[in-house]
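The structure is given below, and queries will be raised subsequently.
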Amino acid sequence: MFYFDKKLQYPVRVETPDPLFARQLQQAIGGIEGEIRVCMQYFFQGWGSRGPTTKYRDMLLNTATEEMGHIEMLATAVALNLDKAPVSEQESGAADGIVGSIMGGGNTKGVIGDMLQRHILSTGLAAFPANADGVPFDMSHVYASGNLAADMYCNVAAESTGRVLAVRLYNATNDPGMKDMLGFMIARDTMHQQQWLAVIEELGEKAHLPIPNSFDQSKENTKYSYAFFGSAADGTPPMAGRWTDGPSLDGKAQFSVMQNAPLGEEPVLGPARSDSAAQKEQMA
Amino acid sequence: MFYFDKKLQYPVRVETPDPLFARQLQQAIGGIEGEIRVCMQYFFQGWGSRGPTTKYRDMLLNTATEEMGHIEMLATAVALNLDKAPVSEQESGAADGIVGSIMGGGNTKGVIGDMLQRHILSTGLAAFPANADGVPFDMSHVYASGNLAADMYCNVAAESTGRVLAVRLYNATNDPGMKDMLGFMIARDTMHQQQWLAVIEELGEKAHLPIPNSFDQSKENTKYSYAFFGSAADGTPPMAGRWTDGPSLDGKAQFSVMQNAPLGEEPVLGPARSDSAAQKEQMA
Amino acid sequence: MFYFDKKLQYPVRVETPDPLFARQLQQAIGGIEGEIRVCMQYFFQGWGSRGPTTKYRDMLLNTATEEMGHIEMLATAVALNLDKAPVSEQESGAADGIVGSIMGGGNTKGVIGDMLQRHILSTGLAAFPANADGVPFDMSHVYASGNLAADMYCNVAAESTGRVLAVRLYNATNDPGMKDMLGFMIARDTMHQQQWLAVIEELGEKAHLPIPNSFDQSKENTKYSYAFFGSAADGTPPMAGRWTDGPSLDGKAQFSVMQNAPLGEEPVLGPARSDSAAQKEQMA
Amino acid sequence: MFYFDKKLQYPVRVETPDPLFARQLQQAIGGIEGEIRVCMQYFFQGWGSRGPTTKYRDMLLNTATEEMGHIEMLATAVALNLDKAPVSEQESGAADGIVGSIMGGGNTKGVIGDMLQRHILSTGLAAFPANADGVPFDMSHVYASGNLAADMYCNVAAESTGRVLAVRLYNATNDPGMKDMLGFMIARDTMHQQQWLAVIEELGEKAHLPIPNSFDQSKENTKYSYAFFGSAADGTPPMAGRWTDGPSLDGKAQFSVMQNAPLGEEPVLGPARSDSAAQKEQMA
Amino acid sequence: MFYFDKKLQYPVRVETPDPLFARQLQQAIGGIEGEIRVCMQYFFQGWGSRGPTTKYRDMLLNTATEEMGHIEMLATAVALNLDKAPVSEQESGAADGIVGSIMGGGNTKGVIGDMLQRHILSTGLAAFPANADGVPFDMSHVYASGNLAADMYCNVAAESTGRVLAVRLYNATNDPGMKDMLGFMIARDTMHQQQWLAVIEELGEKAHLPIPNSFDQSKENTKYSYAFFGSAADGTPPMAGRWTDGPSLDGKAQFSVMQNAPLGEEPVLGPARSDSAAQKEQMA
Amino acid sequence: MFYFDKKLQYPVRVETPDPLFARQLQQAIGGIEGEIRVCMQYFFQGWGSRGPTTKYRDMLLNTATEEMGHIEMLATAVALNLDKAPVSEQESGAADGIVGSIMGGGNTKGVIGDMLQRHILSTGLAAFPANADGVPFDMSHVYASGNLAADMYCNVAAESTGRVLAVRLYNATNDPGMKDMLGFMIARDTMHQQQWLAVIEELGEKAHLPIPNSFDQSKENTKYSYAFFGSAADGTPPMAGRWTDGPSLDGKAQFSVMQNAPLGEEPVLGPARSDSAAQKEQMA
């Protein structure tokens, strides 16, 4: 179960409110690279954690709980960026309210309004759980497969795209408060990338592969397990890389290159049945 | 651009059609762990590939093109599992058609019908691009960040959850044809896991971290870059693991443990503006 | 604006309530082939209708308004199929309520419960605007392009898949009341298919093509406007059909066959910029 | 920011694991009536709370934090219901694994498998953030308008549908542990319904209406502000109720009944422009 | 069943077409606070209405039918705002069509085009059933639980957020025609808020609580039914309000405050099964 | 199975990169009128094709494969439009990166940034599978009913709205390279419209109606099969058109006009059951 502290994990200061930046920050809240996703992903992995040790559940809950605080920081940052920015301009110049003063003027004001419009129309100048385009976050992005190694790679993927996003946001603002907050979050992403990879290392750099490692590999068609397939129509071989020759990463075989070609036949499905509401011409 | 061969990449045989298994196979077509996802993910990564070399584009297009053939194989497998199975039973015993004969009988038939109902009502006994619950695949699961290392981890994640799913499907069928097909696909997943990790190795096991490695790390708050945060309310330290001490995976620091505690203050947002359609009581 | 009559457009009788059929009927309410879709599609086309005549707006509103009544009929049919069916069985045999009596028994009851569970858990035995798999209808399926001919083909498509679904539902039930209701709805789908095609005929069988017919066709690359492209990797020509030779349907040209081959070059995107949060290795 | 306790808020015991009930419990996790929704709704309302007092932020964060623990309880309940149930049967009778033993048998087993299949194929027997039909929760259901009174009614709505669902789940199980857990959750829903209504009472039973109460009501067309409109085609007046006469709930007027009739004209949109890709026939 | 009148419920006039405002009006059509939602919500509640009286069905159909007319008014308003506005400018200054003249100019024009682009590219200058960000309306927002009191609160919530939105739109325009139309709609929202609350009053201010009132409250864990839980990590009690002491709103108890603390234990799930495609290390 | 050629089907040249146009092109990639949709629709129709001949499978795979190349061309066009455009301006004037230089300046730059922000924040200047509003493509738009004639009309609908979109994009750009590419795509849409209609012609202009033509029409309520229903409240007959009189398009009857009026009664659902979690007042 959970507790809260009214204080934030790290200071959130906005020196010059920038409503356009508020809109961009939404990507870090409700985007697929954002904090709701990692928070919920770690919680669901932790709550479903199975195995002889509870240490992965412990680790996951520690970090998931931290991520809740990151959503809070970003939601606060969005509200502060929306909070005061266009006020003086508006209150002096407009008779009919926030939206009117922004939207009713020339195109330039209209533009700001476009970015703000959901923040104005739908939230009263606060964050919402959607991305920078206003697309709501959908929980199918919570990856929790029940396989520990697969989940760790899902987490590395999430923190990698997450830190890429945070860096792009860092580059997009000149506000010292925002840069300070993002500098903290980028640091946490650094750690989080490492910690999921540390689990992989603990599971054995080679021994954890292929995932799942509990499947008897003799059941797979091993002739094709370590071959890079080229699919160029004219038979041009693929360009060489670490994946085209040398030992495989699990140490069990050598990489090779094969040209992709049909091993199967043209499939023939039966005709449509007489009572299947197809056209008559599709029936035998 | 692209070409096709009418033949399949690998034989798809169904000895005993099993409509319930058809429904399960949908997860491998339209689930987030499925083949549409990897196919489109590799294509979009390839089409947006930037850098001094075109070899990653080449690699991605080779594998994306192969995955198109996997969708085709699975779609064929779904249709064959739906194709003939309940036919004789139906045609002898029912007057009012496919669905009627399945649905109109006792509960047991009804049950099969439940699993089949979208395949019957909406497709005429063919595959559709949705998962085993009938939830359509949505392209937000195509991860392509523009950062090569982040994308490779997204791909490892996809192939790891994909092979986990394929193994579960393998375990769910006794049909020799289906086991043969899945044994091939599992082998290809083995290779695909390795090949994306091989790119990571080529980029340098340590040098590629933290992702993105093009951000000047002195700008992040490095005090917190390698610390695992404990969030237990009673201050219980996190359970020890590779991620709590020892050298960090990028070789730049030592892991440590810190207790999570507020570094910030309680946030104070301004009152609602007089023209923001809040309640009067929210205004200053 | 609109008015209602408490009476239904056509009688909805259920002689033997069948909760499994209730679940199937959902496809005709909230499926993409269903009635919400056509109702809203015709309304939005009508409300946005532009042109020298208002007769298309008139036609669209007439039929959209009729479709509202079809949603109502189907919602009533769902509720009636859920209404009384398992009651006596339950009330005699179960102490703990509707769901309990259905779910708490053996697997057979459980199965019925599975199909019913959203109807029990979420609606109290009534219809909801989702399909037979419980996927909510999403309004992106309302096609209204602003081009009259394009919209008419969207409508023919909707009524064609709609009548296919209605026929499959007709085949899935033995209830005389349900067959009577569906026999009416199938008749209306017959008419609706014809009426949208009648608009096409009125627009001129050839003159309405290609859509939009207001674009100066000399601006398109007419060399490729009437050629069927073969994409077989080994150059096998496509199988012959009405579309491979003979006059084109707009009467402006002859169909021909061309083998698909690259007319363009391999694309080269610039390297990633130094400040784009790509990996260093992607930068020039 | 947040902290966790490894212990659960309330005991979660499952005496007889019931995988069908696990599937039903998903509605309380990822359904629109479920716990993710209320948790996130209260957080986003709290994080965006504006006004002279912080007490609503305080109240919202207290309850949102509690709800996090409810998601955890339900996720645990799902895993426990999936955990051990069909094990002995499987391990004795089946050679090819969990899914195989469930799915590969007769139809009855298949049925259980159908309900389990996402839990088996996608999660390894754990909860996931989707509803009982497998539809993922989507964050557009987080209602946070920035208007305190509107948000309170959204919360009452959420807790009302939530308690309705919890009661239906309570009725659907005979497991004493599950009944005990649900009996606790239903009690909390009782409180949560009351507390949001208590805010309304504090805001003034009449004074908070109409929402928002900060809009100068003289700007609205007050002739129609307290009239119930009848829309029956034959002019039948609506059936009488508290809403057809007597004082309005805000004490400002008397309810009345009016027959709905057009006050406007038939709208005429301009013809399509020559360059808008409409059909030529739509242009003036 | 339903009928239409070509005339609008209330006049829709646009004196100065404003394409930016057209985009904002979309929120009132296809936003979760919008008219499609209330229309469909009231219809589905009405069509599923159960009870000894039909008066709630009657009431719901009356108002749902009215709301259909509101969608029509707003769709008309969107089309009129898009209709003529940038015409003269375009036709004088641009050679290549609507979009070109808007988009091809300087950034300012581009900005207008951004807001318009879906209206231009996808609809030919007409409304579509999506919100101001272009996110299509999804029918999961149609709340109809089968519990009359719960549904009434869902309706109050919808009309409260709806009137908040309408007021924000009113504030966003200076067009007298739009202000007149919105002044009418705001008045109707005033009434609609009241009428759903009037049902609550009719059901008994206290007697309708807790919802559902048909559940035997002795089955819930009443120790926790009227206690506000504080979740502050340091034990700080919640700030006082109507909900922390005094009689509960249903008159059955007194409110109190309790500090949230674990009543349960740390959950222990079983290890992963040998055939579940987990990692070997997760197995017992 | 499939092969690729690194070269593009047709040259993609961008003379003057225009990031606003990149955003618009997204509609043709991930919009419902776009290329992912037609590609996947033709593939799923082809993979599920049933009937005595394989020529429709052949035709569908030929064109689906071609469409894959169109997605590639558009993705390339998006990247090239994003590639170089604002570079010089940025690199001279801004210290903190791509986004910063665009977003951090005045409102005009901010505006461009708004359109670009997902391309910058989420993709590193590349295409993504979403529409011009950033709404991800969802595979429910892949129409494949199993009825050949219905599917052909779905395809005509897709190519009609597709060509309408392509023409609007053509009108929106002055770039010769983009006009050349779109001129090619518009030509292909011309052909694709024709080829699906050619199948219809081959199936028999009248004989294919009503769809499905395999349903015994005597089972439908033929009294209503060829009547256009008027739903005007005041009984005004519908405006005349090809659909109000004359022979029906299938040659089987004459069109007529009927006034819509209730043939059914007011539906009466049973009261809520005692254990259904309704309000007590809803129970008998």
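Lettered A, B, C, D, E and F in written order, each chain numbered from 1.
One rule holds for everything that comes next: contacts are C-beta pairs under 8 Å (C-beta built on N, C-alpha and C of every residue); 3 or more make two chains touch, one makes a residue touch a chain.
Being a predicted model, the structure only gives us computed values, none of them experimental.
Greatest centre-to-centre distance from chain E is found for B, with centres as Cα means. The best fit of Cα atoms from chain B onto chain D calls for a rotation angle of 120°, in steps of 5. Using mean Cα coordinates as chain centres, the one most removed from chain A is C. If you average the CA atoms of chain D and of chain F, the two centres end up 32 Å from each other. The distance from the centre of chain C to the centre of chain E, with each centre set as the mean of the Cα atoms, comes to 25 Å.
Separating the centre of chain A from that of chain B, both taken as means of CA atoms, is a distance of 12 Å.
Note on chain placement: the centre of chain B and the centre of chain C lie 27 Å apart, centres being C-alpha means. For chain E, the set of residues touching two or more other chains reads 1-9, 33, 48, 50, 54, 58, 61-62, 65-66, 69, 76, 79, 96-98, 108, 111, 114, 120, 122, 124-126, 130, 133-136, 138, 140, 145-147, 149, 164-165, 167-168, 171, 211-212, 215, 231-233, 260, 262, 266, 269-270, 272, 275-278. Chain-to-chain contact here is organised exhaustively, every possible pair of chains being in touch.
Within the complex, the chain E residues that touch chain B are 164-165, 167-168, 171, 233, 275-277.
Listed in rising order, the residues of chain F touching chain A in the complex are 1-6, 48-52, 54, 96-100, 103-104, 107-108, 110-111, 113-114, 117-118, 120-122, 124, 130, 133-136, 146-149, 203, 208, 211-215. Of all the residues in chain E, the ones that touch chain C in their complex are 1-9, 30, 36, 40, 43-44, 47-48, 50, 58, 61-62, 65-66, 68-69, 71-72, 75-76, 79, 122-130, 136-140, 142, 144-147. If you check the complex, the residues on chain E that touch chain D are 3, 5-12, 32-33, 54-55, 58-59, 61-63, 65-66, 69, 73, 76, 79-80, 83-84, 87, 96-98, 120, 124-126, 135, 138, 140-141, 143, 145-147, 149-150, 153-154, 156-157, 160-161, 163-165, 167, 170, 179-180, 183-184, 186-191, 193-195, 197-199, 201-202, 209-212, 215, 217, 219-233, 238-243, 248-250, 255, 260, 262-267, 269-270, 272-273, 275-278. Of all residues in chain C, only 20-21, 23-24, 27, 31, 33, 108-109, 111-112, 114-115, 131-135, 164-165, 168-169, 171-174, 231-234, 260, 262, 266, 268-272, 274, 276-284 touch chain B in the complex they form.
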